[in-house]
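See the structures that follow.
Shared chain: chain A. Partners: chain B in the first complex, chain C in the second.
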Partner chain A sequence: MSATPAPAIEIDHLTKFYGTREIVRDLCLTVPSGSIYGFLGRNGMGKTTTIRILLGFEEPTRGRTRVLGEDSSRLSPANRARIGYLPEGHHVYGWMTVRECGKFQASFFPKWNQDVFEAVITHFRLEAKMKAGHLSRGQRAGLCLALTLAPEPELLVLDDPALGLDPVARRSLLQSMLYVTRQPSRTILFSSHLLSDVERVADRIVVLDGGVLRADCTVETFRSRLRHYVLKFRDTPPPTPRLPGLLESFRTDRELIITLANVTPDVEEQIARLGPESIESVEMTLEDAFVSYVGERGEKTFFTRQLNGK
Partner chain B sequence: MRTLLWKELRENIVWAVLVMLALGGAEIYVLHHLRYFELVELNFNDGVTLCKRPFLIVTMFGCAMAGLALGLLQVLPDLKRDRWAALLHRPLPRGRFFWGKALAGVLLYFLAAGAPFLFCVWQAATPGHFNAPFVPAMACPALADLVTGLSYYFAALVIGLQGGSVLLRGLPFFAALHASFFALHEKLFRVAVESSLAMSLALCLAGWGAIHLRESLGGRPWLGRIAFLIVAFYGACGFGDLLETTGELAGRMGILKFSVWEVLDNGVPVREDYVDEVLVSATDSTGQSFADPKYHPDRVRGHLLGMNVATSYVGDPHGWRRPRYQSFYRESNHLLYAYQPYSHPRLEQWFHIYDNPRCIGVLPVEKRVFAQLGADGFASPDSKVQPFSESDIVDQTGGDILVIATPQSLRFAHLATQQVVPVALPAAAPIYGMCHTWASIANGSVDFKGVAFGKAMAVYDVNAQLVALLPYHQDVDRWGSISLGVLSTMDRFILRYEPSMWMDWKTRKSMTNYVEMMDSKGNVLASYTLPPPPLHENPPLRSTFVADRLRTPTFFFGEMLYRRLGAALGSSRLRAALEKQLGPDWPNTWLSGEALMLVALVLSIVTFFWARRAQLPPRTVWAWTLGVFALGLPGLLMFWLAGERPRTVTCPSCSRRRRIDAAQCGHCGASWPARPPDDTLIIDGTSTPLPAGAA
Partner chain C sequence: MSLAFSISPASEVPIFRQIMHQIQRAVAARALQVGEQLPAVRSLAETLVINPNTVARAYQELIREGLLESRAGRGVFVAERRQVFSEAEQARRLRHLAEQLCHEAVLLGTRWGELRALVETTWKQLQSQPESHT
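Up next is the complex of A and B:
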């Protein structure tokens, strides 16, 4: 019987306050080695804070976190060398050239794969003599990614790597990420707002909402657990009943559109009892599903009256 | 480490060069600009070259600002959230990042502040730049400022690295300020530098601790924690220094009174009574006012006889010596003394050098040494001269004459002719002292030299002619502090006898003084017995009064113990300080001790309840309570600013405040409430356990 590999990341009832504001609340999460996790959530929901706590840059208020089997607040340099971290600002020292950036970074790491470094910078059309301060945002992101990947980390933590990039740069970044995901032993945790990227790369997603974990599942499970129904009525639709798992509903003058999580046959029966002329179940993209999932909950009415008041 | 050092140097070299240019420019400007004033006025009272007050103002503020600026410019840009994370995530121990920064920063600081300092020293030490000789110790004040500036550099690192409130982050600055105050008031260079280095070390270690964890002290290495608490303590002291300094403007706690005996220009003693530094009465030895309106309080100051002390006491059986430690390292007058310049036949300026004692003549226009004068006479600038001995006295008279007195001989050195003329002693050796005095005449004054022997005072004119020999008529063993004055008629001489310096202050203050008027033959024409003037206890400054009562009990009593131990081990400096504290200052010492113990007790009670209210663990509560009792108000400030203060929220179970970082409420023991059931959770359960209360 083969032993189960130790999880790369363990978060145990993590709570973080800034002042008296609770940013992360009672978060539990285990990221197994070799998996690729997309860390999702709206702005200010605690993703970056969680990552910073994981890497020992901040102290948790309660709970504890372990990375590669070691307490985050006491990460040894040896373990840090096994973790690649790309913070969201894509910081580089502007006065260094691309080559100097590589040399500088290489001096700290016991392992440094110059081929990976050069492959990524070539992919981003960077030249060794270019000043880092003169690079475009996308090129800077590429350089940072190269600096993060070249030490060949076992765990890669990317904090919104595509933030502020144009579609071309985003695509380049994604391709580079896909390149590194070819190594099966590598664990990746990356936060992003770009659901299409997440869909292409991630095995599983984690959704944080208001500092609280709301989803930890595969992309397919996430999509399949969310249902979007369009109920058509002859007359004004009735108000949305209190349905288990209701995320949001739109009421127009002839339609009731509802989005639900974890739909059971009982719930479907309750919907049917509303007496609609027709019920249409619409397949959701990951982006739609995510927006519905973390958007404002409750019923919204939409043009139930004519705009001119007549 | 090498790459870190390279990165820090490369990143901050521009700032260092800019600071170097700014500070160097200011120092060189001040040093040279005032040279021209000196050429005209030849006034060295304000310090010579590197000890000039304006120069030291620039070095004091300049080095502090340079250190602070370089530290902040080095650390603040790196502290941007992502940049900091990117830097620290590299696989090195956290401390290594700090040492890399600190080492580079110190190098850059010494480039920025040290290079201008060295340039100024080179300028002062090289002939042709200044009209004064150079003594290496003259570089000490600026060197002390340079070292103190290092405290500001490390303070800036801690300000940047330390998380928390603005006040908490301000403490390192005030700690550095305290080091400045200390270095500014300390007399000994070695102690000033050592204290600044010690403060720099504490700040450095505090910064090293802060890089491990910015938010709280708890997770830092113990050395870093202790260092930060030391910094916090001295920060509170520095804040107090600042308040005390600014508070000195607020005035005294009462009316300042003092009374002194002087001698009028007709040889009659006058008692002057001052209230708040205003002369309110002038009376004779019987307490009567003077009939002559020129001796009324409003005019009498213009009609006093100029008198100088020739000797502090006559005889040597008591072994008393004026302590040398009273010299202040920031002043040049303990290194060299500038005699009055003269211009005949050319402009010359002579200096007395105290180390390896000798006199050096400088040509102010050419800015070069042209002659030396030692125990064996005049010599060329390059030759080696025999230094004067410790007991020799050299004093100027008549502009171009230096009178050299050894215990056994008297010589007049004529600067214009560079000749030394020995003078026969009119009384039995040894010579106990010498003073310059003068008779005011219509269009100026006539100089005289008083030479104190064991039995009489000899008075010479500038031509080395004995004018008078005045025998003592008092017990000079007890009244051996003797001053000489000459009336404008130049045939009447005044001797004033005051208690000898070897006696303790209490005895001296209760003893009478004597004044005698004599003719040139030594016949007493008039004699006055002056009762001791009333001893007024001077009211303290308001700020000093308050500060004395808010001092740290540990330091107050610790200092007394230190002085007692030092005195027992033979330190004359500490013995003198202890005697002063337990002697003249005893009422204040007693009151301060009593008051500060009471204040410490009240403050520790406040701390006890404050800490309990903050829900600190019992051991921490007691530690802070005892800490504040030992440290007084600075301790309370430390607790307020640097003490752990856990955040609290209202407990949903008992509605009282509970710590957010504790699993259970400190009052009712309740755990945090479970999350309300959420039927929208999507957890497939393969990797993550469900949080408590999740549906």
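Up next is the complex of A and C:
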């Protein structure tokens, strides 16, 4: 076996300002080669900016990023050809046909696998003669994906590829992503708001909130660190205590429902001391966990780092 | 092999556990026989459109629990039945499941007689399935 390959992406203390507005703050992240990373965060939280800096389209204010072992601001054409980038919005040249789009794109790349191009085109039920400008959103996504995959990139960066797609087209997209990573050296970083898609295909998730990294872990770890507790009381529940890691609380006549991050035995003891008749700990869906974690309610500053690692 | 997996990502139950449950159910109902081979990780992942590591995780957990076994270079098979849990652990697991069943039944307004009859029927159905061919 050869030595472990360089990480596909290395982000080292990246900070980005637009004017006085801080978009990304001190972001550190390593995406190892051969993995699928889901890049999550609400709109305007710095995902697209981070991606654009990674690809060298924008300069960082501080810090640096490396892609495929090379500094983003000085990516050589040879390395650029090893990266497939699907920008947000599925842009195409409307006056070209599907076949012409393929020929045009192929002329920029030293490596072009026409079989891959045609397979993706067929998968999305496109025909070579179709005018790109007349395609539906899902078909355009298919065309863009075909154009991105045909050069057989080692690193795929997909900025919200599922935006505007119907369920069938989304499934085709996920299938294509899994197909790409059949080869263990291929890496995907994709941003998405569709958490069920992310749960299907991602090895790990990265959560950006207000330009700050708030989680870098497996889907499983993320879910397991966030829990709902349903406390039932004989009478009106006591006021919600100030528990470390409290994200949300919700009260009814007899119930207190709290959502907590990184529960420790100590916190569980504090919950028990409230004297409820029963305590039920409920697992959350990824979507519920995400909404609790980055939603408006609750405190925002604890455990940036604790969710990192395993 | 008569295994029709179905998974739903937007569930409280993690995907790897959903796969585990379905394999467990299939083995209990003898839809999967002892010695039978499971689909390769890669092919099941592609069928279900999920990350292969998720399938691998489900297999690993079931191998650890003794339900499946991995034969080097050949794949994953349903293992000969053997008990990997201590008696205390078996009892704990069963007690947990019994509690769950009873809670649900109470919420649904089921009477004890009905519940007992249901459990009995389910048990007998499992017993009457054809025995394993190995």
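The rule we apply is simple: the second predicted complex is superposed on the first by the 295 of 310 C-alpha atoms of A that agree within 3 Å, B and C clash if a C-alpha of one lies under 4 Å from a C-alpha of the other, contacts with A are read in each partner's own complex, and residues count from 1 in each chain.
Basically, contacts are C-beta pairs under 8 Å (C-beta built on N, C-alpha and C of every residue); 3 or more make two chains touch, one makes a residue touch a chain.
Small disclaimer: the values here were computed from a predicted structure and weren't measured.
J.: Name the contact category of A:I36: first (chain B only), second (chain C only), both, or neither.
T.: second
J.: One more residue to check, A:V282. First (chain B), second (chain C), both or neither?
T.: In the superposition, A:V282 contacts chain C only.
J.: On the A-aligned overlay, A:T221 touches which partner chain: chain B = first, chain C = second, or both, or neither?
T.: First partner only, chain B.
J.: If you stack the two complexes on chain A, which partner ends up touching A:P265: first (chain B), second (chain C), both, or neither?
T.: In the superposed model, A:P265 contacts neither chain B nor chain C.
J.: Should A:L174 be classified as contacting the first partner (chain B), the second (chain C), both, or neither?
T.: After superposing on A, A:L174 lies in contact with chain C but is clear of chain B.
J.: Going by the touch definition up top, name the partner, chain B or chain C, that contacts more of chain A.
T.: Tallying touched residues of chain A, the top partner is B.
J.: Thinking of the overlay built on chain A, is A:V201 touched by chain B (first), by chain C (second), by both, or by neither?
T.: The answer is second: A:V201 touches chain C but not chain B.
J.: Touching chain C in the complex: which residues of chain A?
T.: Residues of chain A touching chain C: 36, 171, 174-175, 178-179, 182, 195-197, 199-203, 219-220, 223, 282-287.
J.: Using the touch definition up top, name the residues of chain C that touch chain A in the complex.
T.: 9-16, 42, 45-46, 49-53
J.: Inside the complex, what are the residues of chain B that reach chain A?
T.: 2-3, 7, 10-11, 80-86, 88-93, 213, 215-216, 219, 647, 649, 660-663, 672, 675, 678-684, 687-692
J.: For a test of understanding, state which residues of chain A touch chain B in their complex under the given definition.
T.: 7, 13, 15, 17, 19-20, 25-32, 35, 52, 55, 57-59, 61-62, 73, 77-78, 80-81, 83, 85, 87-91, 93, 95, 103-105, 107-110, 159, 204, 207, 212-218, 221-222, 225-226, 244-247, 261-262, 293
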